[in-house]
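Following: one structure in structure tokens, then a few remarks.
A, B, C and D are the chain letters, set down in written order, and residue numbers restart from 1 in every chain.
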Amino acid sequence: MSAAPLTTAPLTTAVLRASETGADRSLTRRLLRNPLGLTAIVLLGLIVLLSVLAPWIAPHDPNHVDLAVAFDPPSATHWLGADSAGRDVLSRLLTGGRLTLLGAAIGLTVAVVVGLVSGLVAGYYGGWFDTLSDLSTSLVMALPNMMILLAIRVVVGPSLWITMAVFGLLISPSIYRLVRSGVRQVRGELYVDAARVSGLSDARIIARHVLFVVRAPIIIQAAIIGGIAIAIQSGLEFLGLGDQTVPTWGVMLSEGFGNLYIAPLLILWPGLAIALTIGSLVLFGNALRDALEDKPAAPRLRGGVARQSTATATATATADDDVALSVRGLTVGYPTTSDALKTVIESVTFDVRRGEILGLVGESGSGKTQTAWSVLGLLPRGAVVESGAIVHDGVDLLADAGRTQRGLLGRRIAYVPQEPMSNLDPYFTVGHQLVAPMRKHLGLGRAEARDRATQLLAHVGIPDPVRTMKAYPHEISGGMAQRVLIAGAVSCDPDLIVADEPTTALDVTVQAEILDLLRSLQAERGLSMVLVTHNFGVVADLCDSVVVLRGGQVVEQGPAAALLSAPQHPYTRDLLAATLDGTAPRSVSDAAYAELEAAR
Amino acid sequence: MTDTLPSVENSHTVENLLTVENLVVEFPGRRRRAPFRALKGVSLDIAPGETLGLVGESGSGKTTLGRAILGLAPVTSGSITFEGRPLVGLGRAQRRAAGRDVQAVFQDPYTSLNPAMSIEDILTEPLTVQGVAGRDARARVRELLDAVGLPADAGARRPNEFSGGQRQRVAIARALALRPRLIVCDEPVSALDLSTQARVLDLFIDIQRRTGVAYLFVSHDLMVVRHISHRIAVLYRGEIVELGSGEQVTDAPEHPYTQRLLAASPVSDPHEQRLRREQRWAQAARAS
Amino acid sequence: MWSFIARRLAGGILLLVVASSLTYLLMNANSGGIALRILGDQATAEQIAAKEAELGLDRPVLERFGEWALGAVRGDLGTSWFTSEGVWHTVFSRLPVTLSLVVGTVVVTTIVATALGVLAATRRGRVDRVVQVLSVVGAAAPNFWIGLMLVVGFALTLRWFPATGFVSPAVSAAGWAASITLPIVALALGSVAAVTQQVRSAFIEVEGRDYVRTLRSRGLGERTVLFGHVLRGAATPALTVLALQFVGLLGGAVVVERVFALPGLGETIANATTSGDVPLVMGVVVVSVALVVVVNLVIDILAGWINPKARVS
Amino acid sequence: MQRHIRGTAGAAAVLLAGAAALSGCAATGGAVEKDDWSSLTIAAVAEPTSFDPAQAAEANFAQYYQPVFDTLIRRLPDGELAPMLATDWRLSDDGLTATLDLRDDVTFSDGTAFDAEVAELNLERFRDSGGPFAANLANLTDVVVVDDDTIRLELSTPDPDIFQYLGNSAGYMASPAQFTGDAVDTQPIGSGPYELDRRQTVTGSVYTYVKRADYWDQDARWDFFETLAIKPMLDPAARMNALRSGEVDTGIIEPKSIPEAEAAGLGVSTFQVNWYGLAIFDRDGTMVPALADVRVRRAISYAIQTDAILDAVELGHGETTDQGFNTDSEAYLPGLDEAYTYDPDRARKLMAQAGYADGFEVTMPSSSNMDPAMLAAVGQDLAAIGIRVTWREVAPADFIPALREGKFALSWMSFAQPPTAWGTVSRFLLPTSAWNVFKTRDDRIEAAARTALANLDDPEVYDAAVAEINRVTVQDAWNAIFYRVEQGVVTRAGLAAEGQAGQAAPSIYNYSVDSGAPEDNAPESNAPENNSTDSNSTDG
């Protein structure tokens, strides 16, 4: 029993989000492949089966009293012994399971029906019903529910069924909230919009699209609620508030407590049954959640820069003074469910000269971002650098399990991310996020660092740097945020900047300004820069040289002007051809339309 | 203000498919704050078989306009008429019936298809609403898949088995299922890779040629809009600042904002890009 | 900020009004037998009638509720029917017990669950599995069962802690700590199980966010990133769960109070509802709901402090 | 797979470890020695509702009042009456006048002196305040103050138990200053050996009494403690744990906990207080017509296997019987203990003779304060002779009210056996009795009662009359009584407790500190005494 019987941990939004994308068939498969999930399902199935079949498989009449064998230990006739009235414990355990589960099922049904219907209506339509149900939900959640259960019991009597139904009502907010937030989230999904545009009625949309998404989370929540229902039952019965005439596991447990020192085993069996059932429900919920979040069943490898082979690295590491960054034969892989690594970039090799801006260009999946993260040593957990070398200023960054690399981060090598809004910590002021690295790397005092940060902000073109220092990320615009991130990147005077699609999330007019800013910073500080982008316009605007990636491999590299004007590799040519630059406008190219226009 | 726009008069010579007049859309403000006015009196029209490009930056209201036409955003005032019938102020069911000739293709091909449904289910969904089912529906699905260049066996698979470009083709097929007269395309290629984007744009053009459907094509990318639109409207902070032929708007923009937009769009030729940059700086210098 | 507090307090008062009216009506739906219960089994019919008149049971429910409410507004919660003691006095003599338990459990839960959750999220592997097992065990074992085992093991056999009773901290701080240790352990196991899971998944989710990568790219130490930034981001959902735990424990502590014979609010309300002691039940409900309102307010303010976006001007 | 095995195995291991600890614990962890007996802590099974003596309840509640309030007459453990505030007492031959000589050297803890007028005030107030036992003085027409230290009680009808009452709640003497103050419910002021220390008292948790230095009876034959603490502990398991861990020094336990207490090295004494059995309320067949037939009621008595129930439920701590009169009362007839022995065939025959060969339906209350095994056994035994029981669960607190309100024709019940015969007669058997729920009348009983009251001065006739009442009720099977159960009083080593006749919890005068080994056989003697209410059933 959870200590706080009527509380349930809200499911993470990740689950809701995940449940949308999880196709049901593969979900079931994933669930069954998880040994925990499989065990839980088998156990639950077994418990339910045994309970349902109780009347037929129980060796004795569960209510047959034989005082002569009271408290008898397990024997050939009574496998689990006899209770205080000489009734067969095994038979009572089976029958008790039937009643316990039935009680829990009643609570669960009420909770799901009430929570689901109100959650669907409130979430989909909003309006007064939403306000009202939200209000009553917070009311129910604010009341110590155990008290309500006790009071209800006084009024309606100690019926297990009514108690469980009321319990269902009291716990329905947890389903309601889940459904409501799921529905609200789905309601904003484009496929629901598409369905509405297709002319589907609300009922159909709810049935087809919305219910599906909340289904799995509801099952998880239901598993938790089922466990709580059983725990609540036994808790009330322990308090002597149960229905003696309905021999649930809790009643058996309560009887066992009364005879604790005469026959300690009497609390073991129902206790074990309760613990096993709740435990399997929790396990089942956990496994389903894991399956939804699609966590690999195999243990994750501790990721990072565990380079497996350094042979190529030392061989080809260049000592050229003019080269700021040299990437040699870099190969990175991710673990898969089978033991093999899935390679995402393979033998990537390029140099960045001092003061040069190198563009890493490619379509999605080309490995350009993975390459950038490798240079930074910020590959996601699990990623493995299989081979290759990254040499910065003559130093092999991967030599000592990445320690050198981490030491240079922020100070010598800096990062400008793609999405400005999600790359600032929403919980700290802009100022704090700028000042902390400067104090650490440059050893500045608080005031000094603040001054410098304010100056930097002014320098990157922020109109009111003092105010911006005090602002939280959500209080500034995306363009401003990107300027702040750039200011952060250059704050500790790095010599190499890795910028991952720094303008992709911005409007074109803002993009142009940010590109200007990067250009001027580069010029004034003599920075070297790796610029990841998919946009040839950005390359043309900023880059000195270009590396074109496809499927994790370099297809072509060279000076920007040459490569853009005379691409050698067919893939590069195709890509450049796909840009719409220089094509005729449709109003001209569409002959029929042009005629029509002319006719007007 | 619509009267000042050069092309409005022209379009009256043809029977309009869709007419939007003085459309205002407001979203209620949070916590007693004043409502946010996303569209401040927008007027435009679309002729049958025509593509009207709608270009603007984030917050310009371009997506809101598309959603208002689809009945997905609340209309505060103004009118939307489709083939002479009003689309505003109807009940839910009436709106559904009136709007069946206006379909949509959305931006994100990853979220605009229900991941749990097979492609066939996704494509039959609009058909069943119209009472087409069984063999007819399956035949229509094959037809649609063919029209968007997907293999016939795609129907049995699920969206996550397809690439972004292929998913967008499915979305287009779904929009075509009901043989609409107008498709609102909300940034349909901006999430796609460069090469895919070009192919999908060509598909749009191809379909328009074959079926005569009209598009309201919403995008932030002037080049994309120029490539597909007969006429282009430039939206800025909830108002249309310029509306003209694709050629006029993208080659000789009149409004300073459009000029700024054009100068800011980078091109892949380094030389030409340097010229644009300088042009932009000159504009900025003039402005300040 | 003040207007926010005022609004929440107004909501709290509404909650109090609704909760107390509902409880009053509920308690009065079955007021038969109360006089007999008070007077004992030897009472005669006349005595019972007199007692019922004395308690006002012969008058309409609404009239009695109005009287009660008027008194409550003036701060007079009346006198218990069964102990003749002022309701305020009873509630406040028992509040320290339940508050010790609930606050203690919440504090222990916060510390242990945060430590375990962060450990599980950052270490994964074996630690993660241990935490998972713990969460299943914590959820599966009924807390009265755990309580009983603790009594047998630590109170009766090892004699490290008392088996029953509550020592007021005013009397002896050490005695107080000893008297609530086992009950808190019994309660905390379930809470820790629930909250650890929450902290773990919130931590993993936040650690995967973009800004964490950026913070790392700034060369900030791993400790600063994890504890200064990730934990803060994970705190908001954890706070919500803690608030829920608090509410649940307020009533749910009754089972453990029974095992350890602690004179807490849970035990009080369990006895008062079953015996039909309307004034006492009302008093406990009013005080509990007020507590919940205050706790939720504190949690909201805390959440605002942690998360500036949730802050209200 | 490995991961899951560890998960479930872990859970199972915890469970098993707990069970192992439990089964081992009965043998380990003996009682803690106590050297300093300046304080005594008692675990009680009830909580007082008021400290107003006029509202006082009896039986288990007596322990809360006795430290503060002296009674006019003291009841010794064996039930004999002894002087307390009254030095002498006598009843007139017609039983209508009781005269008491009072002490003149007693002061209340507030300094007020105790005298005849104070006694009069207390008695009249008790009669008029509508407290739980006010009915005991209902026939008190007048209290006459004869002089400063003598009062005369005038009764409208004779009452053989009048002095018993004055040794119980009716005899509590409180300072008259209390009657005008508003703290009468919470701050008792009496002449007793202790005062209630409100600061160290937490209602519902602990009631602390401190010794009065100037108590009038410094030669009292009982042991004083510097402080006396009474902790209400309603849960039997918690009570047992507190006893075992030494947090309380003494308390009463259920018979089935006796082996555990003994194993833990605690002293256990037992005495008989209650009878357990089926109370047949509807003897006139108002609700269940079959019960009007004496053959059916007898059949019920024959149907229950009382010996087996006694062994299983009380581990044999008790004596089977069929009569409701205390073994020490004037009406006790040893032969009636075996009036009905388990004989289902005979029961079925009787049912058939009464025309109920196919049995009948009856609804009985079940409650968590009934032993589950008892409930099951009774249900099955009744079913064996065709009486089909529908159990209706009743909350413990509603159990007594439901029975008193006549909602059930038949119920399992646990009743105290008052130490005097008249206690049983007046509580259960007369049309005016509170527990004669359906007001059954029987001419033989009423006639015998009249005879008894008319012969208060002639013990022989009186005893025969009340014995006749006993015989009639057993013959007519007014109830189906199973057995008298033995109450266990547990004490830590060094403390002795004597059971109080007819009262579930020992009076506070009955505890004594003993330098030697714990006492292991306490008196089972009972004497004419006041009626008392049983602990288990009435107070849940």
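Here, a residue touches a chain if its C-beta (ideal position, glycine included) is under 8 Å from a C-beta of that chain, and two chains touch if they have at least 3 such contacts.
Please read these numbers as outputs of a predicted model, since none were measured by experiment.
K.L.:
Which chains lie in contact with each of chain A and chain D?
P.N.:
C
K.L.:
Would you mind pulling out the distance in Å between where the CA atoms of chain A average out and where those of chain B do?
P.N.:
32
K.L.:
Just give me the whole-number Å value for how far the CA centre of chain B lies from that of chain D.
P.N.:
88
K.L.:
Round to the nearest whole Å and give the separation of the Cα centres of chain B and chain C.
P.N.:
55
K.L.:
Distance from the CA centroid of chain C to that of chain D, rounded to the nearest Å?
P.N.:
Taking the average C-alpha coordinate of chain C and of chain D, the gap between them is 37 Å.
K.L.:
Residues of chain C that contact two or more other chains, please.
P.N.:
Within chain C, residues 132, 136-137, 140-141, 145, 148, 258, 274, 276 contact more than one other chain.
K.L.:
Residues touching two or more other chains, restricted to chain A: which are they?
P.N.:
Chain A, residues with two or more chain partners: 153-154, 241, 257, 260, 267, 271, 275-276, 279, 283.
K.L.:
If two chains touch, include that pair; go through all of them.
P.N.:
Here the touching pairs of chains are A-B, A-C, A-D, C-D.
K.L.:
Please output the residues of chain C touching chain A within their complex, sorted ascending.
P.N.:
15, 18-19, 23, 26-27, 29-30, 105, 124-125, 132, 135-145, 148, 186-191, 193-195, 197-198, 201-202, 205, 208-211, 213-221, 224, 229, 232-233, 237, 240-241, 244-252, 254-255, 258, 266, 269-270, 273-274, 276, 281, 284-285, 288-289, 292-293, 296, 306-309
K.L.:
Taking the touch rule as given, give the residues of chain A at its contact with chain C in the complex, in rising order.
P.N.:
Touching chain C: residues 1-10, 12, 14, 138-139, 141-147, 150-155, 227, 231, 234-235, 238-239, 241, 253, 257, 260, 267, 271, 274-276, 278-279, 282-283, 286, 299-300, 376, 378, 380, 406-411, 414-415, 417-419, 422-428, 433, 436-437, 440-441, 472, 474, 485, 488, 492 of chain A.
K.L.:
If you look only at chain D, which of its residues touch chain A in the complex?
P.N.:
Checking each residue of chain D against chain A gives 1-4, 7-8, 11-12, 15-16, 19, 22-23, 26, 236-237, 240, 256-257, 259-260, 263, 305, 308-309, 311-313, 315, 366-377, 379-380, 391-396.
K.L.:
Would you pull the chain C residues touching chain D in the complex into a rising list?
P.N.:
Its residues touching chain D are 32-33, 36-44, 46-47, 50-51, 79, 81-85, 89-90, 93-94, 97, 129, 132-133, 136-137, 140-141, 145-146, 148-149, 151-153, 155-157, 159, 162-166, 258-261, 263, 267-268, 271, 274-276.
K.L.:
For chain A, which residues count as touching chain D in their complex?
P.N.:
Against chain D, chain A makes touches at 35-36, 38-39, 43, 63-65, 67-68, 70-71, 83-87, 153-154, 157-159, 240-245, 251, 254-255, 257-262, 264-265, 267-268, 271-272, 275-276, 279, 283.
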